[in-house]
Amino acid sequence: MEPLSIEDYLARSSFEASPPKWHLGHTTWFFETFILKNQLNQYQVFDPKFGYYFNSYYESLGDRLAREERSSLTRPALALIHDYRKYVDAAMMDLLAKEGLKEEVLDFIELGLNHEQQHQELFLTDFKKALGQQAHAPVYDPQFPEDEVLEGPQKWIELPEGLYEIGHSGAGFHFDNEAPRHKVFLPAFAISNQLITNEEWLEFMEAGGYENPQWWHSDGWAWRQKENIEAPLYWSKQEGRWQNFTLAGMQELKREAPVKHISYYEAWAFAQWKGQRLPTEAEWEAAQEFLDWGARWEWTESAYLPYPGYKPYIGPAKEYNGKFMVNQMVLRGASVVTPTGHARPSYRNFFHPHFRWQFTGLRLAKK
Amino acid sequence: MEPLSIEDYLARSSFEASPPKWHLGHTTWFFETFILKNQLNQYQVFDPKFGYYFNSYYESLGDRLAREERSSLTRPALALIHDYRKYVDAAMMDLLAKEGLKEEVLDFIELGLNHEQQHQELFLTDFKKALGQQAHAPVYDPQFPEDEVLEGPQKWIELPEGLYEIGHSGAGFHFDNEAPRHKVFLPAFAISNQLITNEEWLEFMEAGGYENPQWWHSDGWAWRQKENIEAPLYWSKQEGRWQNFTLAGMQELKREAPVKHISYYEAWAFAQWKGQRLPTEAEWEAAQEFLDWGARWEWTESAYLPYPGYKPYIGPAKEYNGKFMVNQMVLRGASVVTPTGHARPSYRNFFHPHFRWQFTGLRLAKK
Amino acid sequence: MEPLSIEDYLARSSFEASPPKWHLGHTTWFFETFILKNQLNQYQVFDPKFGYYFNSYYESLGDRLAREERSSLTRPALALIHDYRKYVDAAMMDLLAKEGLKEEVLDFIELGLNHEQQHQELFLTDFKKALGQQAHAPVYDPQFPEDEVLEGPQKWIELPEGLYEIGHSGAGFHFDNEAPRHKVFLPAFAISNQLITNEEWLEFMEAGGYENPQWWHSDGWAWRQKENIEAPLYWSKQEGRWQNFTLAGMQELKREAPVKHISYYEAWAFAQWKGQRLPTEAEWEAAQEFLDWGARWEWTESAYLPYPGYKPYIGPAKEYNGKFMVNQMVLRGASVVTPTGHARPSYRNFFHPHFRWQFTGLRLAKK
Amino acid sequence: MEPLSIEDYLARSSFEASPPKWHLGHTTWFFETFILKNQLNQYQVFDPKFGYYFNSYYESLGDRLAREERSSLTRPALALIHDYRKYVDAAMMDLLAKEGLKEEVLDFIELGLNHEQQHQELFLTDFKKALGQQAHAPVYDPQFPEDEVLEGPQKWIELPEGLYEIGHSGAGFHFDNEAPRHKVFLPAFAISNQLITNEEWLEFMEAGGYENPQWWHSDGWAWRQKENIEAPLYWSKQEGRWQNFTLAGMQELKREAPVKHISYYEAWAFAQWKGQRLPTEAEWEAAQEFLDWGARWEWTESAYLPYPGYKPYIGPAKEYNGKFMVNQMVLRGASVVTPTGHARPSYRNFFHPHFRWQFTGLRLAKK
């Protein structure tokens, strides 16, 4: 958050995005609420009102500020939220200094850290959207590298029919929605080793992909018409050349980089136009060791649903993932704004099919 | 449509429902457009304007009346649509009288008949909704039997882990979305032989099921709050007793009959409250021979997606099913308003998760 | 209503318009409710439920069908509403046959007849809108004369500064909002003897009148932008020629006829563009004897407000006019669809400034 | 703006209100655009992009930021807007130091100063609304005096029938909409010397004023129902006692102070309930010397329309007032947040009839 002006901390963009100030307060509140209040004797809550401001969506934890009001948070002032952070950080250090912390407490701390990493990514995506909506294209960081070029030739990875295992296994952190590891039967399939590039997306556009309903879902076409979608988010044409708004400011479109900021509807239409399809999440995970991934979140043909035998967290954290398992599509991989160390093969990201503000791209599968 | 007044043919209810007059014109247009125009030499289209009125959603067949304008169809008059039907029926008889009709033509005729059966069911559901919204609860047919009581004890059917085959096989008609038949691996599971009853639904209500967000999806809870949902559609309390609007008019709620007119969100919340879950469509199909089904469409835990290797119809009929494979949940079974002979174990019905105007219910699964 | 098909009786168009069936029931209900129930001993209400259907906006008379639901009235059937009318007509004849009817009763009967005349006009305007929204331009009456050509030269009528009296005086029926007659002081002004024609409106359009915000109210410009208004209602260009939808069907635009179906916003913008203005209602009434009027309702520069000393009707009829005295502009004159004998110089019609479905035009004033 | 945190400068509340930062930039831009660019040779515009940000509604001055986007202005940073102000102030001082400034230039400077005063008042009303919507009732200034108690007895001022003159006359600044001074004929009337108090408003509430449609305009009642209005804006009941949110924070309601933050609809309903009425603006101005006024803007029964012979400003300032003369009601007087010296008897304020965020109250008239 270093490059931000104080006012930037209130930057809002759209219903699904939150201002930086809120992300800061919310991640702090998460440690206080899920760990310190329960685990540290005599811990004094910094300010009882903060629960109202910084609870995101936990119904069991009481009333909260409506999501669309988050950018109205002119008070508490930023300085006070920084104090809040220092206060909670100090208490966390006290807690960590204790000997014999229970497994369950360590698990919650690990969850809090992973939660914070998710918000680090969300901060960048939300703030990019907020900047992108302001006039005159403000710059976040002139060196920010969003678009590395794909290297090596495109190839089809072929996997045979058979029983595969997917889901998290072994040690290491994972969210509840990645478990349990379980068997799936997959027919033989092929999956591309590479992401679709801006170059390929331009071919789709030039072939009239955005004008022809035959490639689109019915809901997707209605969305495209209503929102007048004609290109990926952040693209604009200036004097006949495609420009791309990035965290480094407005740039010429890099044709060899993977396409990003597309919705599921657009990804699916592209695959239809190619006569191919998106992979399912099971296919993706089965093939992941052969793939070049991590630059873009990749839309899959799988709806976000519980794995067989799924068990949500106990307590208020039950609401972390399970209640979102409807109306969303699974994305696999990670993106250039995902914190280092936060990605893994079993990770299940999920968004509504019309969302584009994340760094979302696609790869193709066939058969 | 016998019990209808002429004005009833324009009855409208909601965005997703169509007036009887439109169903009549649309099913007729389907035969004319998909069969007669292509297969009968020298067939004269009844009225070239009718394509505009009666095309439902086929983008490749040109402009059409917006869905929400269907109830504005005061012209053409009903009498003219009846003439249209007679004209098309006569032409269909001419076609059927021919010898040596190609397989492909017979397939389209079978599709037209199944399409008509789907609209017979839709007519009843749509018209029930239209009547239900009018003041003073008009009656469609005083003898209409919506609510037969479940018989015999509830039991859990147990199926072992293993590879199962689902999807349509053998002879007989099926829609493109039921194929191809394919293998799925299922963990061991149990599924109830019976549908959930009104009695059980009342228990959920009395336990505060509609007031407690912990049982609900996030989207489901938002929907419940916004629409102020407190009971299944068509239920109302009069002088302390639950009444139920049916095609036979307003009736006392039958407690032993299966619940109906609930959304996926409600079905899922009920299952959460029970500590159980909805079956997946693969589980349902694997177990269907042990089940008592056919009274209600049953929500499953499966999103409506293509089977591996799915091939849509060729030509304009491509739009029949495939373009709807997003944002919807699969329902299995059939209901009291499904035409006789139209149900089969591989049938995949699908609706958005908030829809309630269909005769939708649920059964539970566990493990 | 002779040319209507039965389905036409349910024709709906927009929020402000009602279907023919409703107009029929409502005017009948008005006689029953305001006269028969109070004045005829032992009068039996035809059906107590009809009050719910046919009460327009009288809060003091109980619950009523929402305005936007009026077109859902498939039941009661039209035949029953015709029976209702015959029943009420017969009772009215019984009442009129009585000797010694009180002045107050005669006043209410006169109000009922004037109310019916208002709905005769509304029926034609509403039904025109309903037909106009259907595909393929259905015809109401091929002989209906909407557009008579203005004759004689345009002239400016000059009136001197001074005290004038406006409002109804003398015998004859008038609505409560036309009284009391009262003095107003007017500066000297000039008013045109003629309405603005289609020819003059085309000049405004060709001069970019619809594209230039400088002629428009702020609210008017926002409305024009949002609704994408580019010409009067019912105009459409076909192969380079302006067509006009009328009750006689689609016709070539008659350039010498007075313009119609324009909003107050458009009328005001036209006057601004001309460097002139609309007359106030007091100016219009002061000058009416010199004017050629009656073909179009004429927008004035006066907001619809009570005259000094205004007294609304007593009882439920209090709601007839007074509660609408905000947010509307006064129109003076009458139009080609106003029943013969219903027009008079003191008549105050009123609509919201964006309404165009009435036969509305304008004349100019200056100084 | 002294008590504001930096983030407060982005505080938003509702469509009609703007954040402090925008008010600051806009009033500065007004001096630059309407005066410096035209009157100071070689004046360099501070930043050509600022016109896009800070143009309020002048269509003739080019594209501008949409009103609802004003709170997204995280960039330019506040510090830069302060620089802008200093830059423009310095240039204004240079201009004022010149000898022989033309009358027209002095007029524009006077307009700029009055414009700034209007925004000083708007800043307080907008910022109160923004604070009022935040949780936990933040305080602007603990000493801010909103509610002085009325003194002396209520009396009726009686004025006779006759010709009166209204509108601005003589020297001193006035806006274009206050001219020309002109004659109006008024019947005899009575007007109260005092504003209606909170005490009287509570009587209206206790008499069911907000529940009984008979006192309300049709549009007013629809508004009341839709918005669920049950008391003036900023009132809330805590433990059985009425609280009032003010710029000094949450306070116990002062019963003897004049009511404020009511819409025209509410004011009119109150008058109907009393069997009296609101004064017209002509009555108010004719009687103003006998009145106690200045604590609240007072709703009148007059629509905001041009005076006879009204001439708007020349050039872009034409849009200052004239284009708003529709759909609004006139308010007379001034309020506790009006800058000293900005009030005068001929001042015409105007708002839409449902607006409540201004310090609006009422006095009654009769006859």
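Points worth noting:
Letters A, B, C and D name the chains as they come in the text, with residue numbers starting at 1 for each one.
Simple rule for what comes next: a contact is a pair of C-beta atoms (placed from the backbone, for glycine too) under 8 Å apart; a residue touches a chain by one contact, two chains touch by 3 or more.
Since we're looking at a predicted model, the values are computed, not measured.
Looking at subunit B and subunit C, not one chain touches each of them. Averaged C-alpha coordinates put the centre of subunit A at 45 Å from the centre of subunit D. Chain centres here are Cα means. That of subunit A falls 57 Å from that of subunit C. Averaged C-alpha coordinates put the centre of subunit A at 35 Å from the centre of subunit B. The multi-chain contact residues of subunit B, meaning those touching 2 or more other chains, do not exist; every residue touches at most one other chain. Touching pairs of chains, sorted by label, consist of A-B, A-D, B-C, C-D. Considering their complex, residues 57, 59-60, 163, 182-187, 213-214, 216-221, 264-265, 268, 301-303, 305-306, 308-309, 318-319, 323-327, 329, 353, 367 of subunit C touch subunit D. Residues of subunit D that touch subunit A in their complex: 5-13, 21, 49, 52-53, 65, 69, 71-75, 77-78, 130, 133-136, 138.
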